[in-house]
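Read through the structures below before going on.
Heads up, the next two complexes both have chain A, just with different partners, chain B and then chain C.
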Partner chain A sequence: MARRYDSSTTTFSPEGRLHQVEYAIEAINNAGTCIGILASDGIVLATEKRSTSSLLAVPKTSDKTYPLSSHITCCVAGLTADANMLIDQARLRAGQYEYQYQHSIPVEQLVEHVCNYKHSYTQYGGLRPFGVSFLLAGWDPIHKYQLYQTDPSGNYSGWKATVIGSNNQAGKSLLKTEYGDESEGGTMPTINEALKLAIKVLNKTMDGTLASSEKVELLVLTRDEELDECVHKILSEVESQAIVQEVEKEAAAEAAATVVVS
Partner chain B sequence: MDTVLGISFDGGVIVAADQTNARSILIYQHHLDKVAPLTSHSVLGCSGPNADFVNFSEYVAKNMALYEVTNDMKLSTNAQANFCRGTLAQALRKGPYQVNVLLGGWDETTGGTLYFMDYLAAMQKVNFGAQGYASNFCLSIFDKEWKANMTEEEALLVIDHCISELQERFLISQPNFMVKVVNKQGVRVVKQGADPVENS
Partner chain C sequence: ARNKKGTRNETRERKDQSHLRISRELFEYYVSRNKSIFSRRYRIKFEEMSILEYNGAAIIAMAGKNCVGIASDNRLGIQAQTVAMDFKKVFKITDRLYVGLAGLATDVQTLEQMLRFRNNLYELREERKMSPKVLSNLLSHLLYEKRFGPWFVEPVIAGLDDKGNPYLSTMDLIGAQCETKDFVVSGTCTGNMYGMCETLFRPNMDAEDLFETLAQALMSSTDRDALSGWGGVVHIITPEGVISRELKGRQD
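Let's look at the complex of A and B:
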């Protein structure tokens, strides 16, 4: 039934759905997982690096995580070529704002701009939507640390912790039980706790294989109060491996603890 | 011919301007308000032809309002000043705004700040300033009497001193002045020679 109404982005189906937009969202469920977690003193973005061949040259820059401005960074799930266009747009907008006002663009305004751009490809022009979802992490003086998720429809929402890409449902359900913050009676994780939680989630979403520093990229966004600027740090292999090992140790300790009951 | 004066104090700024609306040898009005409100906590004192003053100040004020309603937040005085300067700069090599302005505003983080901008889009943050011939008479008074962390009353006295000097020594008669204070509470008219509101 959908076949008559699904080849054009600008056509509603009789049930009131935009099939092309939905298909675009589906495309992202095959992409490498991205996790975003708000911590009390920063934001963690963790991504699954999918390497299709061992012959591929080692990339000099990340192909999952991209800085958009001095205070905002993002990670990508979906079609890389589509993402590159959107990242250019976002960087341009952030730069234009700074040129005009000599101030950093508030994070939500940049998110909205990217989303409005994505949305326009779902409403006119006869072009297909962008097959990309972003997790955007940023800091501004008004709302401090913020994490946003965007999808091909042009919708966005703010999150405390979320997952996009393959097995995101499994990831999200693990986050629901494990992410603690004040509203649930717990406390917001520190960056180190958030990093470990991200590895735990990746272990779950990565289909049987365990997260390791070659397969995973960890980025932390924090703020240097003295220099009055944001720090985007991608953990080195050694640092990532340390987190992975900490998680392994804790998992082993937990497993041992549950056995000793009898 | 227009006089625009500005001075910053601890907790705000004062922007004042004469109220004469004239061209060549003819005075049109004695009650023009040349200190245009920009936002709830900033004003733009403008000198220049009436058309440019109105065009420029309304364009900036309406863009500030658009930003606030779109983004549910206010722009800092510094951001507003850079927006103004950018507008002047872009128009300069197309169809310049022939205005010289003093932008004064208050915000939570920086307190009262004053920006001097001329029609060539040069901009400088200043403690005090004057546009027009008035600068020849008043800058020396500001230099002598401005101090860091002045009170609002002290700053008003300095403005009064400047206005007296102009009325005593400046060839062009400017009997009416509009004086506005911008502080935490917002924009407030402290003194006006004539009520700008039309009473026809």
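Let's look at the complex of A and C:
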């Protein structure tokens, strides 16, 4: 039944669904996991690096995380080629805004622009939607640290913590229980706690294999008050390995504790 | 209204064309057709002024031994009137690359913003810093794009390439580049600046000597120019970092 209504973006199905957009969202569920967590003094973006071959020599710093401007960065889940187009669009827009207003673009404005661009490929005929979801992390003077998720339909939402890519359901359920926040009676995690939480979530979503510094990339976005600029730091192998080991130790300690109690 | 002779103004106007009552814009138009005009009514001399001399500027850049210096004056004027004594015309693009822009102030500001935009995009896309030659070519391209309605700026580029060698270049308002090994100048007193530089310049100066030479050349040149001066600023770019110093000279 869906087959009659799913070959064109510009056709609704009788149930009122846009199948092409939904298929695009499906494409992302096969991509490497991306986790974003809002901390009290920064934002953590953790990504699973899915290198298809050891012979690959990637000239860029990362093929999952990209800076969009001095104060906004993003990580990608989905078709890399589609993502490259959108990232360039976003960088252009951020630059144009700053050129016009001599002020950094507010994070939501950039998210909205990217999403409107994505949306136009779901409404005007002939072109397929972008098979990409982003997690955008940024800081602006109005709303401070923000984390947004975008999907191929052109929808976006702000999050305190979220997961996209493969096994995101499992990841999100773990975040729901583990992410402490003022509204739930807990406190927002610090960056270190957020990093450890991200590794825990990756351990769960990575299908049996444990997170390690070769398979995982950790980025932290913070703000240097003195220089009045944002710092995008991709943790080195040594630093990420340290976080992974801390998580291992805590997991082992927990396991040991439960044994003692019973 | 009646004038002294008792005849009405309208009659007088018909007879005497040189006292035509015309709007200010029309007057300016007629003035622009003649280089200078004496007006019996206004008793003011209007002179055709080049748009590049409307605000006033003086910029010199010089090469030393593994270092470059770039200096500019601080004046912003509207023809003869001085409006600001702290108008910066030299801008940092990267830690090793500075651009000085001389000419119409609004275009100086706009082009600085454009260059910053293009530089940010370059660094995001290519994940590396722009080298001076690349920036010079970019700026030349930006200026030539407006070939038939140009930006009224004459830029000066000073920087160190990735090997640490000095790079100097200048171009005219439509992007004709000129790379040199010794010094480049731009502004309203280029005659003075060329004379001073030619006299004071020696090759392979160290950072301290370079500063002295630049400062003296700039101050002496701008002293004899009405449209530039009010102090200056000198940036000396070395592989270790940049030292910027303010100059105080004749405050006129």
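FYI, the second predicted complex is superposed on the first by the 257 of 262 C-alpha atoms of A that agree within 3 Å, B and C clash if a C-alpha of one lies under 4 Å from a C-alpha of the other, contacts with A are read in each partner's own complex, and residues count from 1 in each chain.
Just so we're on the same page, a residue touches a chain if its C-beta (ideal position, glycine included) is under 8 Å from a C-beta of that chain, and two chains touch if they have at least 3 such contacts.
Just so you know, these numbers come straight off a predicted model, no measurement behind them.
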Practice prompt. Considering only touches as defined above, state whether A:Gln109 meets chain B (first), chain C (second), both or neither.
Written response: first
Discussion item. After the superposition on A, what does A:Arg3 contact: first (chain B), second (chain C), both or neither?
Written reply: neither
Worksheet item: Does the superposition put A:Thr61 against chain B (first), chain C (second), both, or neither?
Response: second
Discussion item. On the A-aligned overlay, A:Ile142 touches which partner chain: chain B = first, chain C = second, or both, or neither?
Written reply: first
Worksheet entry | Of chain C and chain B, partner touching more chain A residues | C
Fill in: chain B versus chain C as contact partner of A:Tyr101, first or second or both or neither
first
Discussion item. By the touch definition above, which chain A residues appear in both interfaces, chain B in one complex and chain C in the other?
Written reply: 99, 102
Discussion item. Applying the document's contact rule, which stretches of chain C touch chain A when the two form their complex?
Written reply: 113-114, 116-117, 120-121, 124-125, 127
Practice prompt. Provide the residue numbers of chain B that touch chain A in the complex, in ascending order.
Written response: 71, 73, 75-76, 78-79, 82-83, 86, 109
Discussion item. Per the contact definition, I'd like the list of chain A residues that touch chain C in the complex.
Written reply: 60-61, 67-70, 88, 91-92, 95-96, 98-99, 102
Worksheet entry | Contacting residues of chain A [partner chain B, same complex] | 99-103, 106, 108-109, 141-142
